[in-house]
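Please read through the structure below; I'll follow up with questions.
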Amino acid sequence: MNPINLRYLNKGDMVDGIALVKSAEVRVSSTGSRYLDIMLMDATGEMNGKSWDWGENPAPEVSGVIRMKGMVTEFNGKPQMRVDRLRAAKEEEINWANLVPCAPEDPDEMLRELKRVARSLADVDYAALAEYMLEQYEDKLRIWPAAVSYHHAERAGLAYHTLSMARAGEALLGLYTFLDRSLLLCGVLLHDLCKIEELDASAQGVAAGYSTEGLLLGHIAAGVRRAAEAGMALGLPGEKIMLIQHMILAHHDIPEHGSPRRPMFPEAEMLHHLDVMDARMYDMSHALAGVTPGEFSDRVRSLENRRLYKRLENDDNNSESIE
Amino acid sequence: MNPINLRYLNKGDMVDGIALVKSAEVRVSSTGSRYLDIMLMDATGEMNGKSWDWGENPAPEVSGVIRMKGMVTEFNGKPQMRVDRLRAAKEEEINWANLVPCAPEDPDEMLRELKRVARSLADVDYAALAEYMLEQYEDKLRIWPAAVSYHHAERAGLAYHTLSMARAGEALLGLYTFLDRSLLLCGVLLHDLCKIEELDASAQGVAAGYSTEGLLLGHIAAGVRRAAEAGMALGLPGEKIMLIQHMILAHHDIPEHGSPRRPMFPEAEMLHHLDVMDARMYDMSHALAGVTPGEFSDRVRSLENRRLYKRLENDDNNSESIE
Amino acid sequence: MNPINLRYLNKGDMVDGIALVKSAEVRVSSTGSRYLDIMLMDATGEMNGKSWDWGENPAPEVSGVIRMKGMVTEFNGKPQMRVDRLRAAKEEEINWANLVPCAPEDPDEMLRELKRVARSLADVDYAALAEYMLEQYEDKLRIWPAAVSYHHAERAGLAYHTLSMARAGEALLGLYTFLDRSLLLCGVLLHDLCKIEELDASAQGVAAGYSTEGLLLGHIAAGVRRAAEAGMALGLPGEKIMLIQHMILAHHDIPEHGSPRRPMFPEAEMLHHLDVMDARMYDMSHALAGVTPGEFSDRVRSLENRRLYKRLENDDNNSESIE
Amino acid sequence: MNPINLRYLNKGDMVDGIALVKSAEVRVSSTGSRYLDIMLMDATGEMNGKSWDWGENPAPEVSGVIRMKGMVTEFNGKPQMRVDRLRAAKEEEINWANLVPCAPEDPDEMLRELKRVARSLADVDYAALAEYMLEQYEDKLRIWPAAVSYHHAERAGLAYHTLSMARAGEALLGLYTFLDRSLLLCGVLLHDLCKIEELDASAQGVAAGYSTEGLLLGHIAAGVRRAAEAGMALGLPGEKIMLIQHMILAHHDIPEHGSPRRPMFPEAEMLHHLDVMDARMYDMSHALAGVTPGEFSDRVRSLENRRLYKRLENDDNNSESIE
Amino acid sequence: MNPINLRYLNKGDMVDGIALVKSAEVRVSSTGSRYLDIMLMDATGEMNGKSWDWGENPAPEVSGVIRMKGMVTEFNGKPQMRVDRLRAAKEEEINWANLVPCAPEDPDEMLRELKRVARSLADVDYAALAEYMLEQYEDKLRIWPAAVSYHHAERAGLAYHTLSMARAGEALLGLYTFLDRSLLLCGVLLHDLCKIEELDASAQGVAAGYSTEGLLLGHIAAGVRRAAEAGMALGLPGEKIMLIQHMILAHHDIPEHGSPRRPMFPEAEMLHHLDVMDARMYDMSHALAGVTPGEFSDRVRSLENRRLYKRLENDDNNSESIE
Amino acid sequence: MNPINLRYLNKGDMVDGIALVKSAEVRVSSTGSRYLDIMLMDATGEMNGKSWDWGENPAPEVSGVIRMKGMVTEFNGKPQMRVDRLRAAKEEEINWANLVPCAPEDPDEMLRELKRVARSLADVDYAALAEYMLEQYEDKLRIWPAAVSYHHAERAGLAYHTLSMARAGEALLGLYTFLDRSLLLCGVLLHDLCKIEELDASAQGVAAGYSTEGLLLGHIAAGVRRAAEAGMALGLPGEKIMLIQHMILAHHDIPEHGSPRRPMFPEAEMLHHLDVMDARMYDMSHALAGVTPGEFSDRVRSLENRRLYKRLENDDNNSESIE
């Protein structure tokens, strides 16, 4: 079944396709009639919809997939879907890649590469720790997003963010040769793993919000504790457990961002830079995706409300830039 | 043997007594002669000393106790001890209470009271957790200071600070009756215990500085982890482990002070207030100890460089103030 | 007459009862008809209402009490009252305790206790000052709220906040025995009294906003001045007037919160802690009032936008927690 | 008697002249001999001095004037006075203008001008208030400095600062014609008057430090209170008393600088600008006084540690710059 | 043609007049009919309007002038224009002074005075630089606003702001005589000139927003560069170019406001004060324009969300205040 | 001639070798004799020295090279050189690499590589700009340090920092393929070039401090201007000049660090990360250079006063870490 591609619809478009139900509620209009208020979602974006004569039907299930027909109208200057018909989608109509935003690489392949990195660590202790932790979180890592919104808030976004950092770290190890590869890459692999405990996500990799423990403790405190438990279970030397704990604790760099300690050795410092650099590159490229060259984006909340500039395309002489 | 009472000496005083060696080094003067540079310490304070013709003798052992004779001179406007004779003190000459600052209550009695509080918790889970943790740290809690400098930097200062907070918490539970006594007092008992891991202290309860793990992780991250390990070992419900972890994590209130999460339920909030209130009362009463009524103290670093005012004594009508 | 209990109404409920008019305005709809837009209020909360065919009637008086019949509908996902009939309430239908949020203790009894505290001060000067000031503000103290919104924004909230602090102070004086009871409790009694000048409140104890002087000067500057005037009128020693002025001036602790001086003696410091602790306990218990155990509240503005967690109920073993 | 002009002395200079004693203490050298440590001061600056064989003589009186002979030596790279002879100066040897830094205009003349400004206010209420307050503080205003250090820390510096602001205000009233001249200039005359209560100064106009009340309350809280008392004594309308109180309260602009309220009407805002502009012009011209054109000053603490640049002299074409 | 005077219209007023089109869009209502959503503007303010049966007509041109008839209605408690008829205005119907907010002095006269100031500088280099720059920007300076919103966001507002500062500077040069008049006034004339590059404005002097270069570089960086280019083109001494560059660079005083360097000589410091003082006086007098005496304005964003107080009128005795 | 290797000398060492004169002054002791106070420097560090009987000799020339004999003594616990003999060094005795700290690669080779990078840019405009700017600063780039202290404060440190960033940028371009290589690397090459104008350095590449223009304008404002001048001289399109100016302007990321604009496109953002990452890696590896494994460094000012931890050496299994 073709996806609706909500982001690219215009007023007046007739629609027949599938979408994910982000939220749905039956309401009563000022004239007393019951209507459905539904938030539709697919991999391209979201759109509010109304089905005006809903009667006594129950609202569709949240996180379910529906097939619908309707037309795009406009309300308060924004597009709105007038839903004319709606039913649960059949199994064979569903293609998840069209319904939720996904990381740009295959989850299974990413997991294999992350494990290859873990096995490649020359220090057997860090290798063992990284492999152990990846195994524990493996299943969820295949689908988990890295955030509720902003950077890497997409299916398998956590694995993709971790892998990008590992690749960038590998590239920079050739320049900053005093860094311990095993320590740095072990830190990269573990630093955000406990976002799996911090975030609640659906089976489709859409973050629904924060877990209770996520709000009360956060992924950094959880990560410090889980790394210590794993390290002791594996019999790692105390020094190495401590170094990894510190890297997790310090990877947000400053207290205001959630790190009670600032990085106190070079690998911890580099981990922080790999993290923020990858997040910023992701946010910037996404924020500029729909912007016309020569214009500015709207203010981007995850980039401290900066507006971003989309540079004009270079001429033919700029062949090395494969965008 | 009488203590020297370093704080109360004046220029010209002749001295014969015992003192603790905080640091000691043999140096060479510009004229080539060797002299001893020594930092003397007792329960009242510290004073630099010099022994001018030290020759080839080794420096006295740091943290050892010496008996010395000498005279108080002055250098750069500050008192300085001219050490004329010096030897290791004999066992029978040493009274530790005169040599290191001590909490104002007996350590054994404080430990008994802390355990009584733990046993008194109506919730058996929190009671078990508190008893378990007190037992684990019991020996060190008898001597450990609560800080390197500033509030409760004294032998058994950590136990005293914890006990004062428990008493204040008990007093306020009568007013704020919606608070869960078991949760609040369990949080009080555990919140700073990992200062025992964070600080290095001598057998006499003098903090020598921070441990490696203390600098890299801090007592909050360590406390969160230890509480979780203990909770799991005792089979506590996950909710209760999580609440205690949050209380430890949040007890410094704001990120800039080391808490990645702010208090998110009333017992966590109250724990923070008990902590800072007790610390401030301690610092203020100590900073004002030697100040003349009607005058101001010097700037106090632990109180954000405030100068404190020592109020004039009230007249006879103020009999309720037993200072 | 039964109150409406606005907070607990659901869509579809039929209503017949009394409410306070917080605001009311006659407006013209896009179709040209005149309707009444009214904000209803009782002790449980507020709700917007509409009376659609209002015609040429004037709007009901603000701060008046009405009796109304109608039905709860919904607009933009929030409940809204469709007002079908409405008239001024009769004297015998009105029970103020149902109409405005009130402090949980009887105002007259609170006033008596506040005066008992004042008389109990051993220092005759502070006792005289406290009694004098309480007498001056006595009438308004019986009804005045402590804030426009947030902590103790309720009828007699100022007296209740002051009394809670006095009780907490009394409880802690037993622990921090170097504090001067007369000075501390005199400071407690006086510290917020000039909120009576700062806030405009109705005869029912509902804060309408800030007075002109309240906005231009604030209750701290007014309090400093009033305390000095009273002290001079009573012939108090200059030192004591100055100490009380400082306590009022410094009780918000830091400049950013309105205190140009930070507390410079222990009683002033303790006053600050009593104040913020009582405010936080109030705000937290109110913010959690309607939250399901195991869930989080919405963000609370007065608590720096924290979300609060409502802990799960303990089991039978937790009998000391009488909520 | 010629002044010493301490600022302009060089190593090796022989000195015979008068100086003010800022501080003086008899100390004992490491060899046991008694020497005088003295801080000399005159209008040009300060210099430390030593008189090496002081014997059993008492130290000279602080704030007294001495006549001395000696030679300039050097210690730690700074000039130091070797005092060879020293006695109390005779009355006829003393010229105060050479001994303490003084404002550049005659105090009596400044007072006359300040009073002329007060009398010139068209609003009789503000005129009465300004005259009343000037009379109350008149004697001390003739000598009081405006600060312990930094801007206008000089004899009659407070009067000079106030007068400069009044002149600048008058000049700008011609441009910003919506400002009320009476209100603005009354605010100027009163805004810093209570520095006379805040600072302790010698009879010579040298600030010795802060008074107890100055430290506990500050000149802003004192000023608010004194203005209100005066206003009530004179029977001023409440509105006018309130406006003047607000101007005093808000003239430091932001809480971090001591103003609990920010300026809320144009005259209060302008008062703030006149104040900071005059202070900055003073500090900058003084900091650049001894700097070589084309070079930078040292860091200036009162200017947030900025270094200042002394511009090169313009050529003959710049005749309007009368420096 | 009479202007509409949008700010002063009330519900029910019948309107026939001209207005500027700030924005206009044809939308589709929920019932499918097409209507015009238009933002009307004239010198007094703005108002949203609707023309309900717009049909297939195109929207009027943005920045064009229209003549319209209609009636003032109300929506959500705010006035709204129901547009009944609408056409492009004829040339003879347009009076720009009624359509856009204008500075209160004649642009040509202001330009003449600015040039007179430039020619009056005694230093021939600064005079040449100021004249050269004014000539370059002369045409746009006649119309350019100084901001998109807030201070001096009006036709020729940039020239008016610059001229007001020059006049204030001249007035203060008589008091702070160590300032170099040529340097200070040259800095005043040049400091904001590159707002002409930073802001996009219509031919009518209405700022449409920021230019691409304005967003990427800002008027300070542009100003520093343009001043240097002009200085080199004119052969000015390097020292003088550098001083002017610094003044432009530092005139916002602190990094958070856009100045990478703080003022480092007195003329640069004074320039900053003239700038902020003039902006504040403008914003305050405008914010108070419609406020009833004795009341407060709403919160003003450009004044850090302060509310401003409109003082009560003084009595007859206050004749010098010509408002 | 052997260097002295000042950093590695211990008390009592006899010295015969060459050193650079960082500063030198003849002073007079308290006994009246003249001595030389000299600050010695070589590539390993600095040491203060004294030559006690200097007599009437002039001080050695600053920045000159001397040959000296002497012995290491101690003063205030720090090593001090007692200089017994001293003369200007002969040409053949001097090896600059031993006298000043140098970047770890050959300056000529670094310059060749920087130019290769410039030539490799596919966009001919950016290539031309980068080549032009490198040529202009080529001679100084061979020797210039990147700072007065902290990161890359060494001979040719600016070239080394720039080259390291270019290499890191190249490595990351493979991962973040949407970045424009020409734009990013042109920004890298130009971003700090005007440190050559900001810093005064000796012919040996030792930074003596800031130039006048450096203090008044800074390297960012200078760089923006120089890039624009070069771009216009080369006839580059305005868009490209603007992008490069923005990258220079924004490369310190936040106003508090000197950037009035935050990065507004991905290449500008990446430039910032390359810059700070390279600086941090440099500072951290240098700060840890002399620290014993398992211990902490002193507080490092350039790293916000962090103390750094030197991790224990890994065992034989960690062969990939070539330190």
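Per-chain numbering from 1; labels A, B, C, D, E and F assigned in written order.
Convention: a contact is a pair of C-beta atoms (placed from the backbone, for glycine too) under 8 Å apart; a residue touches a chain by one contact, two chains touch by 3 or more.
The structure presented is a predicted model; accordingly, all values stated were derived computationally and were not measured.
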Chains touching both chain E and chain F, listed by label: A, D
Farthest from chain C in C-alpha centre terms, which chain would that be? F
Shared interface numbering between chain E and chain A [over half = same, under half = different]: different
On C-alpha atoms alone, could you tell me the rotation angle mapping chain D onto chain F? Nearest 5 degrees is fine. 120
Per the C-alpha centroid definition, the whole-Å distance linking chain A and chain F comes out as 40
For the pair chain B and chain E, the C-alpha centroid-to-centroid distance in angstrom is 61
Mean-CA-position distance for chain F and chain B (Å): 44
Touching at least 2 other chains, the residues of chain B are 212, 215-216, 243, 246, 264, 294, 296, 307, 309
Assign the assembly's chain-to-chain touch graph to one of these shapes: line, ring, star, complete, other. other
On the basis of the stated criterion, which chains touch which? Give every pair. A-B, A-C, A-E, A-F, B-C, B-D, B-F, C-D, C-E, D-E, D-F, E-F
Which residues of chain F touch chain D in their complex? 25, 27-28, 30, 37, 212, 215-216
Contact set on chain F toward chain E in their complex: 212-213, 215-218, 220-221, 224-225, 228-229, 242-243, 245-246, 249, 255-261, 264
Inside the complex, what are the residues of chain E that reach chain C? 11, 73-75, 77, 294, 296, 307, 309
Which residues of chain A touch chain F in their complex? 122-124, 164, 167-168, 171-172, 174-183, 239, 243, 246, 262-266, 269-270, 273, 276-277, 280-281, 284-285, 288, 294, 296, 304, 306-312, 314, 317-323
